[in-house]
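Pasting the structures here.
In the two complexes that follow, chain A is the common piece, with chain B as its partner first and chain C second.
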Partner chain A sequence: MREILRAFGGPLSLVIGTLVGFWLLILVAVPQVAMLDYSLWSQAANADLSAAIDRAYAEATMAEFDRRAEANPAKATELDEKLTALKRTIAELEAAQTSPPKTYGLQNYTRMSPLHAYIFVRTILSALAVAAVALVVCYPIAYAAAFAPTPRRAAILLTALLVPYAMNELLRVYAWLMIFDYRGVLNSLFAAVGLADLEARRWVPFLETQGALFTVMVSVYALFMVFPIMNTLQTLDPHQIEAARDLGASAWRIHARVVIPHAKPGIAVGVITVFMLAAGSFAVPQILSRGTGGDWFSQLVYRQFFEANNWNLGSAYAFSLLVVSLAIVFAMMRAFGVSLREITK
Partner chain B sequence: MRGTDVRLDHVDVTFGDFQAISDVSLEVEPGEFFSILGPSGCGKTTLLRLISGFQEPTRGRVLIGGADMAGRGPNRRPTALIFQNLALFPLMSVRENVAFGLEARGIPKRERLARADALLALVALEGQGAKKPGELSGGQRQRVAIARALAVEPAVLLLDEPLSALDLKLRQHMRAELKAIQRKTGVTFIYITHDQGEALTMSDRIAVMNRGRVEQVGRPEELYAEPATPFVATFVGEQNVLIGTVAASAPGEAAVDTPLGRLVGRTANGAPAVGSRAFVMIRPERLRLSDGAALAGVVSRRDLEGPFFVLHVESGDTRLVAHVPNSGAIPEPGARVALAVDPADMLILPEGETARA
Partner chain C sequence: MTRRREAGEAVLDAYVALFLLYMFLPLGVMVIAAFNAYPDPSVTQWHGFTLHWFEALARDGRMLAGLRNSIFAALAVVALSLPIGLAAALLLTRLQSRARGFLYALMVSPILTPGIILGISTLVFWRNFGMAGGLLLAVLAQTSFIAAYCMLIFLARLQRFDATQVEAALDLGASQGLVFRRILVPFLAPSMATAAVVAFLQSFENYNTTVFSIGGDWTLVTEIGSRFRFGLTPAVNAIGVVFVVLTVAMAILHVHLGRRRRAHG
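Entry: the complex of A and B
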């Protein structure tokens, strides 16, 4: 803190401090705490309550009729008191109905149905698989880009990688949809060579498979794998590769012993980023599978919020996904043998 | 380990339209300490990459132990290269570094680690095997690189200015150590350097390179005493260069009219044509203070080097540098002095490119 003050002076330090504080408090802490709070309580909608209210209203109307017909002042006073008491009861009951009492507890976390639990586990495993496939696909690309023989070739490769990302993610997903659709590009190609018949509805149902989802997710998130790996590879002294080769190592051994150990922090960052993006992906499964390829857990969360209108359960689902994903991230960091400090470098 | 010979046969290397190596032919004897000396950009590193297999010649042949190396990658040549920045593997221990070449050859772990330890003992690094290269000093890292290269039992060890990152004292120490290791192992060393002191002290023979060509090959004392070209004369050791016109010429001897008068000296190869432009080369340590009126001038600067003084003597536009022993009376700046030199210590070479042009 003192160093920042010395380096930037008072006013600028204040700006920096305010912005960092704003970021941490408003953009990170408050939404998370709000979600955690939502996930920890529920309001039971009480059906008996509306019956009780109806009964109280009926009773009040009756009492009013009786009051109007009553001539005895002593009885009239008694009925007036009864009416006031009834009105108070009605107000209390109505208040209880419009905002039922919150019950705090872990009930939202223990209510997951077996089907939802299955989708939860499958989403996590699929996201891990997407990260693994992306790593296998992106490592050679990152290597080629980092060790391009001429700066020109590196620039061309990078531009080719970046251009698709200038397009909106949704558009890219729709483009893949056109490719994989029943009457899409791939099936048309298959039809052209006689492998499919669009008239007879004989086609490959790509969209109903996990493979299509994997392909699109890898393509949509590939850059988040390529760049961190490329960045770490660019810091590798090419002489180390030459030295290993000079000492007789095969290409495989050079990668296993020299290049990959060096790129490990980048690989960890890439795998973690792609895993988190894939686990929380909503648009890709929503657009692509259209209910034919099985749900992604994020779709369940969406439905709890906007269709079942149960924000408490939705929050609990979202928070569970966050906690499990973070646990997996830390497990991966331990498996990769990298610390948080190495990753943020 | 036993060294083998290395032969380059009319080798050319071109990158696009840049000729990095022009018609180089060299023969390195088995078990020799051979240096390639030249300024940066002269093509010496390309020459090393040619021998190690990272570069294929555009024309000509590279032979190691009599076998043509065409099409053989660096991992299939009997050479090992020590890089300028050493290129040790920072994430492996020192032992694993040394054992890496053996690992690549599929030698079992126990055996290769034992051999790595033996090599670490050879370079006086016993007990340092468990450390990471980053925990060692510059000189120790140097020795690890040597041990790692020797582990694969190369017939030829190629060294690319490996001492340039060390400080002066350590560099001098490592020179002796390299030479000792070379004697002990009998491996052919091919050593690249731009530092003539390094080349002169360590080498059996030296090839001086300039602009992709070999200017001269010879023993250190030959290069120093009998340089064949003005470039070699000025690159190896210090030199006073006087330019003039040949006035008289005989086999082995010539007279040249210089700004300091007519000087008679010996010629290196044949008799230069009378009337042609020529250089008169005089080593600073061959100039001595005298009473005669040989080469007269005014002392403009005087630097103490320790055992000797460096005197800068100006006469008109000509400046001479003389190394005068640190004994007796040394003239102060501003004093008029006369310098004498024997005719045998004046070498006359036809005009050409010098190292400090």
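Entry: the complex of A and C
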């Protein structure tokens, strides 16, 4: 604390502290706590309550009607009392409806249906698989980009890789939709050679396959694997590869013993990033299924919030996703032997 | 030996070409369909060249409003993330204690959090204060992680900072405010430009965090996202063409500037 004051002085330290405090507390930490809190309680269903309110209102209207027609003063007072009592009941019921008692517990976590639990597990495993496939696909690309034979080639390749990297994710997914769609490019090609008939709706439902989802995810997230590996490989002295080759090492051995060990931090960053993007992916499954599918966990979370309107259950789903993906990220950091600082460089 | 190496290089070249095809073929299809005079986005049903879909896009009120919202949100995110990121980086470089590691982990945690979670937690938190989803919440949710990127950019630059400059200035009687304005800010100026561009683009392109916190408002990207639910028209392809052109221009500019900077040392 004292070193901050010494370096920046009182007023500036106050500004720095306020900005960092606002960020870490109001924007980062407390919202996560609020989400956790939401996930830990539920409220009684309101259906019975609103039926009771409707009944009370109907009764009150009838009593008012009777009261207006009543000539006998004794009966009129009786009806007045009944009306006051009914009004009090209505007020109480309505208060209960706007804020029904909260029940704290783990019910939102234990309530996940077997189907949703299956989709959760499948999403996490698929995201791991996407990261693994992306690594295999992208490693040679990163190598080629880092050791391009001429600066001109390197610049052209870098530009070509930057375009899909910076291109809007939704539009990249949409471009794939045009290829895999029922009346898309692939099915039209199939139709041209007689393998499909678009008029008779006899086509290959690529969109409903896991293969299409996989192809698109790897394509959309591949560059997040290429660039970190490329960046670490650019710090590898090409003479080391030359030396290994001159000493008679095979290409396989050079990669296993020289290139890959050097690229390890980059590989770790790539694998972790692609896993996180895939596990939390919303645009890819959403667009490929035209907003109707529900086979990626993020879509189930979205539905709890905006279709079922159950924020408590939605928060529990979101928190489960957060905890499991963070646990996997930390396990990967352990496995790769990299620190948080290395992966956020 | 050299012949085997040449063969290996040829295989690698072919593989790179295949990979680029994998990246660019869908984009090519999307671009071509934008110029097709056919009411459904298609390249196989070719009904002649047209610019009609670009005109339709220029008249699309929701898209234009979305563009305005996106630019407004991105500017707001830059205005918030830059000072926050700078303050956080300054704090980290000066802090020696063990709190530093914890603070650093907390600061980069939004980068490691799935985007949808950031949107959800912001939405849930502000509901307690009666604030529903909207453009403002989207700005706050985006700032939570974009400020971390800005912090990392400033931190990288500050690591090359010669702290003795500050010590000398302080010893010569300069106030801390003067040191900040005359030494730190000029030193950090290039990083500020980088951080501003990164923050703007991250905000403009964001979907996952925004779609959960935007409520009834919309940005250009969430509007594109909502179009997939209803009938698609090639106007979406026309937007794709605009994005492709802008992205290619940015990539060329970036590589060109990078090479020039390296050439000048």
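The rule we apply is simple: the second predicted complex is superposed on the first by the 255 of 345 C-alpha atoms of A that agree within 3 Å, B and C clash if a C-alpha of one lies under 4 Å from a C-alpha of the other, contacts with A are read in each partner's own complex, and residues count from 1 in each chain.
Here, a contact is a pair of C-beta atoms (placed from the backbone, for glycine too) under 8 Å apart; a residue touches a chain by one contact, two chains touch by 3 or more.
Everything quoted here is computed from the prediction, not taken from an experiment.
In the superposed model, A:P285 makes contact with neither chain B nor chain C. Of the two partner chains, chain C is the only one touched by A:S298; chain B is not. When the shared chain is aligned, chain B comes close enough to touch A:V258, but chain C does not. Taking chain A as the reference, the larger set of touched residues comes from C, when chain B and chain C are compared.
Once chain A of one complex is fitted onto chain A of the other, the partner contacts of A:V163 are limited to chain C, with no touch recorded for chain B. No residue of chain A touches both chain B in one complex and chain C in the other.
Chain A makes touch with chain C in their complex at residues 3-4, 7-9, 11-12, 15-17, 19-20, 22-24, 27-32, 34-35, 38, 137, 140-141, 143-144, 151, 155, 157-164, 166-172, 174-179, 183, 185, 188-189, 219, 222, 251, 272, 276, 279-283, 286-287, 290-291, 298, 301-302, 305, 311, 314-315, 318, 321-322, 325-326, 329, 340-341, 344-345.
By the touch criterion stated above, chain A contacts chain B in their complex at residues 237, 239-240, 242-250, 253, 257-258, 261-262. Listed in rising order, the residues of chain B touching chain A in the complex are 52-54, 73-76, 79-81, 83, 85, 87-89, 91-92, 100-101, 103-105, 148-149, 151-152. Residues 8, 12-13, 15-16, 19-20, 22-27, 29-30, 33, 40-44, 83-84, 87-88, 90-91, 94-96, 103-117, 120-128, 140-141, 143-144, 147, 152, 156, 166, 175-177, 180, 201, 205, 207-208, 211-212, 221, 224-225, 228-229, 236, 239-240, 243-244, 247-248, 250-252, 254-255, 259 of chain C are the ones touching chain A in the complex.
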